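Quick heads-up: structures coming right below.
Both complexes below contain subunit A, partnered by subunit B and then by subunit C.
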Partner chain A sequence: MVPFLRKRVVSSAIPLLFVVLGVFFLARMTGNPVDLYLPLSATPEQRADFSAAQGFDDSVPVQLWHYLTGAVQLDFGTSLRTGQPAATMVLDAFPVTLQLAGVTMLLAISGALLVGSLAAYRPGSAIDRIAGLLSMTAASIPDFWFAIVGVLVFGVSLDLLPTSGTLGGPEVWILPVATLLIRPFGVLVQVVRGSMVGALSAPYVKIARSKGADARRVVFGHALRNAVTPVLTVAGDLTVALVNGAVIVETIFGWPGIGKLMIDSILQRDFAVLQAAVLLTAVTIFALNILVDVCHALLDPRVRQAVPA
Partner chain B sequence: MKPSPFDPDRPALDVEGLCVDLRTPSGTVRAVDGVSFGVHRGRTLALLGESGCGKSMTALSVVGLLDPVAEVTGGAVRVGGTDTLRLSRAERRKLAGPVLSIVFQDALTALNPVQPVGRQLGEPFRIHRGFSRRRAEEEAVRLMTRVGIPEPRLRARAYPHQFSGGMRQRLLIAMAVALDPDVLIADEPTTALDVTVQAQIMRLLRDLQTERDMAVVLITHDLAVVAQRADDVVVMYAGTVVENGTVREVFSHPRHPYTKGLLDSVPEDAVRGRPLPAVPGSPPDLSAVPSGCVFQDRCPLVRERCVRERPPLRSVGASRSAACHFSEELHRV
Partner chain C sequence: MTDRIEPPSAADTPPAPRPPRWWLLLGRDRLAAVASAVLTLVVLVALSGRLFIGDRAQRQDLRASLRPPSLDHGVYGLLGTDVLGRSVLARLVDAAGTTLSVAVPAVLCSLVIGSALGLWAGYHGGVRESVTMRVADVILSFPSLLIAVVVLYVFAPSAMNIVLILAVTRVPVYLRTARAESAELRSRLFVDAARTFGTPSRKIIYWHVLPIVLPTLLTVATLDFCFVMLTESSLSFLGIGIQPPDVSWGLMVAQGRQYLGTAWWIAVLPGVAIVLTTVSATVLAAWARLATDPAQRWRLTLPRKRRGATAVPTEMIQ
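Our next item is the complex of A and B:
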């Protein structure tokens, strides 16, 4: 397992470097922050002073050098907007997104495993058809629409749930999680169903039945672990999409997560914060991919063996 | 657990008039049509036929493992006098392992790829005898020793892909005989193996059969395997039984033109430069089985009566039958 991990981490390093460079250059294409932070009436001298203070009049390679050497020491500079260290702001916002994504995926995966397995046990049955219809609908609903309708119905008309913010009891979680949940849940139900139908018709399942195994043993003891590989892969992708896409939900529901922070930083040309946020998100995504691979290896001895020690 | 009382005259497995329907996109077809046979403990019966003749389907219905698209629509499968087709699912599960067991041909896919083999071999003991995981694994090691897996204690922790094809087949057989079943069904157990390994596996099966006094149903398309290994043979064609009897009689004097055609196509007395004899044509599509004799399209003896009337399986000698209007003619040639 250790050489396996080492290999995966090393092979992630180079793409990560490209992300670091990409963010740096793309951020600078959004325009000059000086125009945004100083009033229109600012004199050229004031502008020059501001630029010099923030390091914007250094040449691009020099700026890049500062950025890279800083990044290695986990120093991403200071926010133009708040004057706080960018790293602090990002690390404050990140757990919010992570919690939201974590709770959502936990619910989506466990729900999908249950519903998908039930549907797959008897293909074509009433349960299967209902599950197919529901999951297809869930996978097709745009999340921003669901969020807005949710706020309208449960927040405004029925006045049952809070519509924004993180203060309050567990009820503040309901609308954001539900919004994030529907698509991954719908997609995962279909993946679980498809891969369980395959696993349940495999010869080893027939053999398990020929030993007198009951439905529970067949599904959970034999089929599920074989069927879960594609589910893991898709779940990994969906989690990535969730971390990235949380921006919509965070904006609508006013959750101070990394998505909201990124949007604000782009709008404010707050390069330091933007760079730190994108970098952290990228690292998270790489870590997620490694986690998925590790799970594959744990679940399937053939994957474990395929790695040269 | 075992059905009682034990009656030496009664076959351990008695299949009578078994019919299986298969739902296909173009309608329901009859894949097995009125198949009957019986096999006693200690004896081996071969179900012989080409791919698609319904022999595997017959085997799967006997052990209750048909795919959902197939359904038993008639007949009886009696094990020790009990018709298993009339039992509930839970009651059938109780028979699966201690009474009826099956070995499949493809031992790689028949073993669960993500479970250590020791755990899979121990599973029958966990299911039927409530053994602890540890005790079941002890039994697994004992079985692995019996079927000739070297270093069984170590290898019990290994996964199926870490075994050779022959070893995997041994594991499957070990798993099938774990609870000393009365009836063992072997569905082409050596098809995927090379010839030397085939011989070892057949020997292992025979030894286990003698040791445990099992009735064995051997499903195969291999005439040599039938000749060497089986006592009785049931020849199937297009879902029906066309001939049955002891291997010795059927093979020396086939009474159905299909059996004769199969036996003639064995390249034993082939002459160099002359094409190998074969049964011309191919089996009928199951959705278009002719209303008369199922073999009429390929039969050298076919006449008008064969098109009009399906020949019943009728006695053509002591304890043998054939489904041909003109089986006497075969006897003469």
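Our next item is the complex of A and C:
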């Protein structure tokens, strides 16, 4: 287990490094923040002062050095927009996204395991066909459209749910989570169904049945454990997409999460906040991928032995 | 010992069973048939629709502002009008062209580049494989929205640039699939045989590996078409995709959003168009996965009632 983990950590650290470096250069390609923050009438001296104060005068390698040394000490500089430390802003926004992503994936995975297993139990049955069409539709609906139609129907016409904001009881969660939920749910139902159909026709399931195990034990005890590996991989990828920014949902429903923070920082050339936000999400995704691999190894002894290149 | 094994004469061997014609298979699956009809319609509209509507998608008529869908105002009033009195139907037709002209080239580019690189990396293995896969990891772990925003800021948000971004961010998907399949195929007997005969590796990949991987790749591409279409409409919705006066389905939803309470049809109808197209592509991809897999194809030749029921033997169904 330990050599497996070590190899895995080393091989995923390289992309992490590239992301950290890449965001630095990409951010600087979007333009000079000085033009955005000073009025058009600013004198050249004022511009020069502002640049010097913010460190934009330094050469790119020097700026990169400041960024990297700061990042190691967990100091990401201050935001141009608000004057707050970038790390504080990012740490305020991140839990919001994490909560949304966590609740969504929990519901999506448990729902998909149930519906997918039911569909796979009798391939070609009415349940299977309904689940198939439902999941394909769910996986193909544009989330922004689903969100605004949801607001139109439940917020405006029926006046049941709040249209935006995070203040209030559990009802503020319903529309954002539902919007985030549809795509992962649809995709996962298809994956669960596909791999369960395979697992249910495997010899060990026949043996379990012939030994008289009841249906629930066969499906959830024997088949599901072996069918869950591809589900884990896909669920990991879907969670990465959620952590990377539920930008659309956060924008439409006014949730102050990391996706909204990132896109605002790009639009406002707030490099410090952008770098901190991307670094935090990249590290989270890195940890998430490792976690998925560890789960793989725990579930499947073959993965544990075959140390990946 | 003395018996010589007679070579079987041509008359004795039954003719190899021909794979069933694909349109017959399509006809057997009603859902897939409907899906392919919808997709054909969308493609036809996208290709030729602009010839019929002329400048209708841009023509303003403020007296006809925010007309609900009705039968009273001719073909162009069928689906209502937007705030400037432009026909929603004409704009949907125009947008179909834009949307497909972004999604199709993006999918084709990423399919060709990703598959070629993946097959090459998987066939050769070693350093070439690990370097290619690390590059794919980097692209995948980058927030793709960030790349999109940056590139669209540095260069203008033109259709060409959107195609480019979508293509680059989707390359890893094909790369991973192609690499995995080709790494598995490289140790198969027929590939070994070709190598023994001195076939150059470029030709082995093209003649022996590609034909086997191609159905999988095409299925992935059909699914990815949905994803690319959804991403394009999200970008347009956020204001960094297709720019007015051009129009795409995602942009139409964004433009209709502020009239949601008073004129629902402006934002809802383009969304319906997106959903119909993407669902059709998904259904067709699911069908193609069965139809191109020789081990599964028989399922589609069965009458509807019995199809699939044999995957789990009947005695197991309580």
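As a convention for this text, the second predicted complex is superposed on the first by the 303 of 309 C-alpha atoms of A that agree within 3 Å, B and C clash if a C-alpha of one lies under 4 Å from a C-alpha of the other, contacts with A are read in each partner's own complex, and residues count from 1 in each chain.
In the analysis below, contacts are C-beta pairs under 8 Å (C-beta built on N, C-alpha and C of every residue); 3 or more make two chains touch, one makes a residue touch a chain.
Because the structure is predicted, anything quoted here is derived from the model rather than measured.
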item	value
Which superposed partner A:M262 touches (first subunit B, second subunit C, both, neither)	second
Partner chain(s) touched by A:V23 [first = subunit B, second = subunit C, both, neither]	second
First, second, both or neither for A:I207, with subunit B first and subunit C second	first
Residue contacts with subunit A in the superposition, subunit B compared against subunit C	C
Touched partner set for A:S12, first subunit B, second subunit C, both or neither	second
Partner chain in contact with A:P123 - subunit B first, subunit C second, else both or neither	both
First, second, both or neither for A:D49, with subunit B first and subunit C second	neither
Partner chain in contact with A:E171 - subunit B first, subunit C second, else both or neither	neither
Touching both subunit B and subunit C, residues of subunit A	122-123, 201, 206, 209
In the complex with subunit C, residue positions of subunit A that touch it	11-12, 14-16, 18-19, 22-23, 26-27, 29-31, 121-125, 128, 132-133, 136-137, 139-145, 148-149, 151-152, 156, 197, 200-201, 206, 209, 215, 240, 244-245, 247-248, 251, 259, 262-263, 266-267, 278, 281-282, 285-286, 309
Sites on subunit B touched by subunit A in the complex	63-65, 67-68, 90, 93-98, 101-102, 104, 106, 109-115, 123-124, 127-128, 159, 161-162, 172, 175-176, 178
Of subunit A, residues touching subunit B in the complex	122-123, 201-204, 206-214, 217, 222, 225-226, 299-302, 305
Subunit C residues within the subunit A interface of the complex	31, 129-130, 134, 137-138, 140-147, 149-150, 153-154, 226, 230, 233-234, 237-238, 250, 253-254, 257, 260-261, 264, 267-268, 270-271, 274-275, 278-279, 281-283, 286, 306-309, 311-312, 316-318
